[in-house]
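Before anything else, here is the set of structures, which you'll find just below.
First subunit A sits with subunit B, and in the next complex the same chain sits with subunit C.
Let's turn to the complex of A and B:
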């Protein structure tokens, strides 16, 4: 497993090196994202650091602890290969969809642009080696703001095929912007006997504070664990030693840039992966679907003619009119689930013409309840369905799924299918 | 200040009473919301409790500690009266706009409907007596989902008149659903030398867990304090002894039903009002505008032809088309401020045709930054303005104000006018 490496030829990816510059000394693993201008190291704490080569000395301490080339049991497309299979290790499928975790530096423009195949991930994250046998495939290579329901369907089919082929768990590399929507989509489209763990990166790999190493390693460990749900695995705090495992239907990106941007709304995460000097451990704190408890099934059809419309004071009812004729509409109302009273007759018309309309709250946390105030009762009379405490974005995905798969989609919107909502008799609990 | 009260005529509002029923005993102040069916008491802890009169005994312990009648220095409309003026006390103006805090029980339907004049608030909250001389006026009586920019303007004018007339502080009674929008509107429309404190109630006064007493009392104390900003004063936690004071431009209702639903996004509240056995105290923890530091000014004009549009995966560009021709549009994008790449040419057309478009993030917390990724740079090239870390709802209100009042409204969207955003060189800070 040793790769040839010497001071003469300079450090190679995977080598352990010491970089000295001015009064600072860094020791860590030399990363392929190093350039002629700077050395990028993975420090022992998991952080990546970029050090300018100007006035710096770089010494190779030992040859690659990880042989990056031979560890690349990953190829583009659905034709997976399994080189140097270790029968003592579980098999984890890495599926890439794009995003920062999959991006490399675009020095032409000075910023980050998405270019990716799964091979690059393993090359950039030597810590993944030795944790599993890997199968890899690329489902998409899109910025996550460009993610579509059609790609969710492809992703669901890819996950299905990987599980059918015998993988022990799935890691989906995904841009963070819309990760929660894709995770929710898979939670509805699949009955899962193994974990499907979404992970991504809030900071690109060339940034000293990149979170891609820890997130990827923790996601692989979660994919080997006992919770067979669609999960999101991202930093649990601003420190670099723990990731949280969020249920895909209850998670939300709540900050634009923090590494711990993702939060389970209204409760604690399902679990955590702790990665420190003691090693790595996966713990679950709440009830979850157990590995192997259900059979693999897929129902990937989605009715994509569904909108999510947010109401705020002064919102023009022309936006509601623009939803006329749609198959489904999720309203993000105020408080317990309200819109301006003037909207209600038009909402009733849309319902009467066949649009299924579900109510959620712009408060994000808490349950809608349209039985308390006049506006709510009028909305119920108009035919609006309460989505209980389902997150607005999750409700949109769920309504897409319910309209395509259920005989009575309205009845499903207040019932938990994948942990997206709870049923209670009172909103005050 | 003693009102006549005796066991013969039954308890009167303000009387201290003991109610015994089955094995339970309650002591507290008898409230006017009591009916033939039930006794409603304000307990010493601040909670209201409703006890069925069936098999209950009610004993008057002492006559009204508060003379509800003579404390009613409040009348409907803008003609304020000042009865029994106490020169040792500051004057606080109570302005009502409607909402749960102003509602009474509608026994016909079994739920809560908004009916209100300011007199009712003082009648229902005896604890307000003795804290200030009160001036009262009703600006509106609407459920807060029906609040409009036109009412914000009336409210701004009413606040202006009250301050001009010499009041020491303002309390605005408001429904909780859209309180944050109205508070933001006043923050932009007024230059304030005294506090304007919004408060409301998440639970109606007849509920045992009603928060209306504590919220109203704490709001009056905040209105007497030194922070001359538009504030929101609501429960700080699920316990009943403290309210938080949130800057109006940074606050958000983050839960549909909890009493502590309101949170300052991304930082601690400006201050707290603590109300316990030791008494009541107001403390500020962060920099704020000081009482008297600026002159009273009003700029109430608003360009109401402004939309807030949320983008999520699959959102139909027909919604964007429905915003064509508008004066302003705030986009609630993904992550650092993105929409699907396919939207960008259409966004450029809207900008070219005269629509001012500002970008915010559906993450809610954190700063947008469209300089990091291709999508963002393309959005900037299309003419979209970054609203920095302004909340999406606040950005809508601000854009309404900026388009009506500023010569260069675009330049204002990234600059703090009322604490709504901060300026930093990097989104990673």
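Let's turn to the complex of A and C:
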């Protein structure tokens, strides 16, 4: 069974092998992460070790000692995979788009990738059992940085179909990086009679400490609740005791790694889901759209030729030139909504040539007001629209929707369509 | 049974191995920039609560120990400090692995004659008892294939792992276990020997040798809990038992002796059970038997809606009460398992009637489970779920007794005995840490440090007697001693200073723990360069310990032991007068006060003012004569 190092007839993943090199001998299971340069094997104690193939001899002791491929497929041989129906429970649709709530390690690259469908989520999170009857659906399997407006549209149609089919609430499993954009897109594209709750996890599902279990369980409870909006349900603190329910158009990922990265900007969250050993409860503290208060409608068209441009001192005006001919442009300006005064004539030209330009603020929190300083007034004169207190990212999604669906898109940018902006600034409310 | 000599252990087929865990004294933790500093719970700045859920290995298996742990308790709380960060809180990915820790670990590997692997692959070792916020311990195999010598032959060193220390358990609360994040992430080296150890004394000797080599790096933590020994023990026909957390070296041989005796007795019990054709019945609800019981425990449980569950242990009569270790019986092992599942303990008929359980009740209990004369009955009273799972755990442990010695993980008790902790963990608990890329171990030639036994020889050659040389070499202030020798300090004075002087000061109530190597170096420098008399050393150290902000010379001044020698004062004063020769010639003593200021400035306050003024007066009068 001896084989020359690196030969094609060499060991396969799952084989039990012995690697000898100089004075060292290692025995273990040959792993798929082995490369042309090195053999990676799992020793009996569980440690992985990589041995350079140079001067090493590899002998197969037992072929196929492990079925490495199926071992990584959690769907096989799992007793909890049966989904039972209980007429007394509401129905919740689990829509998967990918992301760490339902991801596992790719042992070829060593990185974390999304590879589960919605039903796998039920197996991965057994705590979901008994809370609802579930309908599973996979819209995409992408990391959220790879999300596109086209997938938002597919997602909106999927949600629409699920609600038409009679589901009582929807949970969308989504990578956290761009979750807020997808939630905003659905808020604009759909008129919702039931909740659509986005959730994910900041710590990947392959670790015992993942926040996926609590986020998913709380999201399902929120999907059964009375608030018919596009919501984001994620940890409210670093502890596993509460999830916050954020309005999809007002939420922002404000931390790279913390469990409680998501925050409602400028206000308190709409509600909370409390999680402890005693049970789970959902409470809403702020005014929200009630379940069943409006009829299901869909307007999924989006004008995707819209850009978001952040201005900081020294930003090259060539970036502005590059936006010439765009259907829409959202500026993230300084303070109350400003850019360098040299930019203003060029902005006027863009507006004149048909680009709709809306102003938001890099302050993130607070309202744009271009009537206080000369720069602002000049921007208004140039044809820039104030997006009020709309978040820059949300304003981009909104402008995409408004340009495709409204006769007077400009008029909509300062008006609330889905709670994205207000007429009164009341951070204490 | 502890009267065996080495020969008997060989006959019994004793096979033992060690796992030594040693914290490293590095600047930062293994995967973040936090200091490796322990804290008091009162200093916590935040408390976080978390749940853990077992996950599968990349080979698709769930670890038995992890599953059992997850059934027991899942809610944990963690105290965070201003010396811990989001990495320990599992709210930020690990940073790059600490190079200093790898270098120290490779030094240790070289001392153990081990060979490093090409690339360190960081693994996650699933641990769901809450002692790691992530639910796993990051661990990496760095070296294999070493050996140490003992009087009874060589002991192989199989592997050296560099891992992160777990969080320290602070207390059990009603809400679960509370841990501190201060200890989590301190670099920890784990050294595993081959199962080459054949006697209790060899186990102790091997542990002592490894401990000595670890200290030779002068980069390991010291003090209680910074080194922990696990001992794996089995005898012929027995089973591998992993004993965790032996804190004192002196306990190792006792622990091994007691474990051998335990396995021996369990094998005797097996033989007896075999002769009696023993078996274990099905758990039965016997609550009715105790309707009017005087037993506080049972009445309390039943009164609160609980149940009394019993199991008939056929052929076990008299054996449940059999002592396996000093003051620990087979029944105690049953109780260990029951407690793991939340029950307060176990009653068994070998110890009944007692604890308020009457003769009549014992009879009724035997009848209820159809127990005969040769049979024993074990009983648990608790809330229905606990009673059911606990009695099942007891039944399971009894069944294993029929087979002999169970493989398991046990915890070391203070008195040299052990108790059941959990099943042996397997390879299924390990999977790759994807947040940390593999680290090539291209650190070049690692220079192995001088081994402590050689250090002792070297100190002896300096003129110290063997005892003092050992004391200094193994002591905490060996670096300060070496520095003193480099400065040309008399070795006897240096040794006396770092050892007996500090001991005497401590007995005087001086906080000598405030003294670091730099303080000693400062004092030795005063002796070497500034003429500090030997007698002044204890006083300067006292002043430094009481006010660690002081420099050595400030301390000397405060202690009134004149840091600056008279000759230096004279030299400086002469220079000052020389510089101002014209003025001195013109004004004579009238120049005194101006020059006095200048001289004091030149001496930067290190000298006694009276000494300076005397010297200045003399110098001026010499020049004006």
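One rule holds for everything that comes next: the second predicted complex is superposed on the first by the 338 of 429 C-alpha atoms of A that agree within 3 Å, B and C clash if a C-alpha of one lies under 4 Å from a C-alpha of the other, contacts with A are read in each partner's own complex, and residues count from 1 in each chain.
Definition applied: a contact is a pair of C-beta atoms (placed from the backbone, for glycine too) under 8 Å apart; a residue touches a chain by one contact, two chains touch by 3 or more.
Just so it is clear, the model here is predicted, and its values are computed rather than measured.
Engineer: A:203 contacts which: subunit B (first), subunit C (second), both, neither?
Structural biologist: Touch status of A:203: both partners.
Engineer: Would you sort A:11 into first (subunit B), second (subunit C), both or neither based on which partner it touches?
Structural biologist: A:11 contacts neither subunit B nor subunit C.
Engineer: State whether A:258 touches subunit B only (first), subunit C only (second), both chains, or neither.
Structural biologist: Both partners, subunit B and subunit C.
Engineer: Pick one for A:24: touches subunit B only (first), subunit C only (second), both, or neither.
Structural biologist: second
Engineer: Quick check for you: in the superposed arrangement, does A:269 touch first (subunit B), second (subunit C), both or neither?
Structural biologist: The answer is neither, since A:269 touches no partner chain.
Engineer: With the two complexes superposed on chain A, say which partner A:307 touches: subunit B (first), subunit C (second), both, or neither.
Structural biologist: In the superposition, A:307 contacts subunit B only.
Engineer: More residues of subunit A are touched by which partner: subunit B or subunit C?
Structural biologist: Touched residues of subunit A are more numerous for B.
Engineer: For A:419, select first, second, both or neither according to whether it touches subunit B, subunit C, the two together, or no partner.
Structural biologist: It touches nothing on subunit B or subunit C.
Engineer: Both subunit B and subunit C contact which residues of subunit A?
Structural biologist: 111-112, 203, 207, 209, 256-258
Engineer: Mind pulling up the subunit A residues that touch subunit C in the complex?
Structural biologist: Spelled out, the residues of subunit A in touch with subunit C are 23-24, 26, 29, 31, 33, 38, 40, 42-52, 66-68, 70-74, 105, 107, 110-112, 202-210, 213-214, 238-241, 256-259, 277.
Engineer: For the complex, which residues does subunit B have touching subunit A?
Structural biologist: Within the complex, subunit B touches subunit A at residues 109, 111-114, 143-149, 175-178, 181-182, 203, 207, 209, 253-258, 261, 266, 304, 306-316, 318-319, 321-323, 326, 332-342, 361, 363-369, 371-375, 377, 393, 396, 400, 427-428.
Engineer: What does subunit C use to touch subunit A in their complex?
Structural biologist: Counting only subunit C, the residues touching subunit A are 46, 48-61, 66, 75, 86, 89-93, 115, 117-119, 121, 123-126, 128, 133-136, 139-141, 144-145, 159, 161, 426-432, 434, 437-438.
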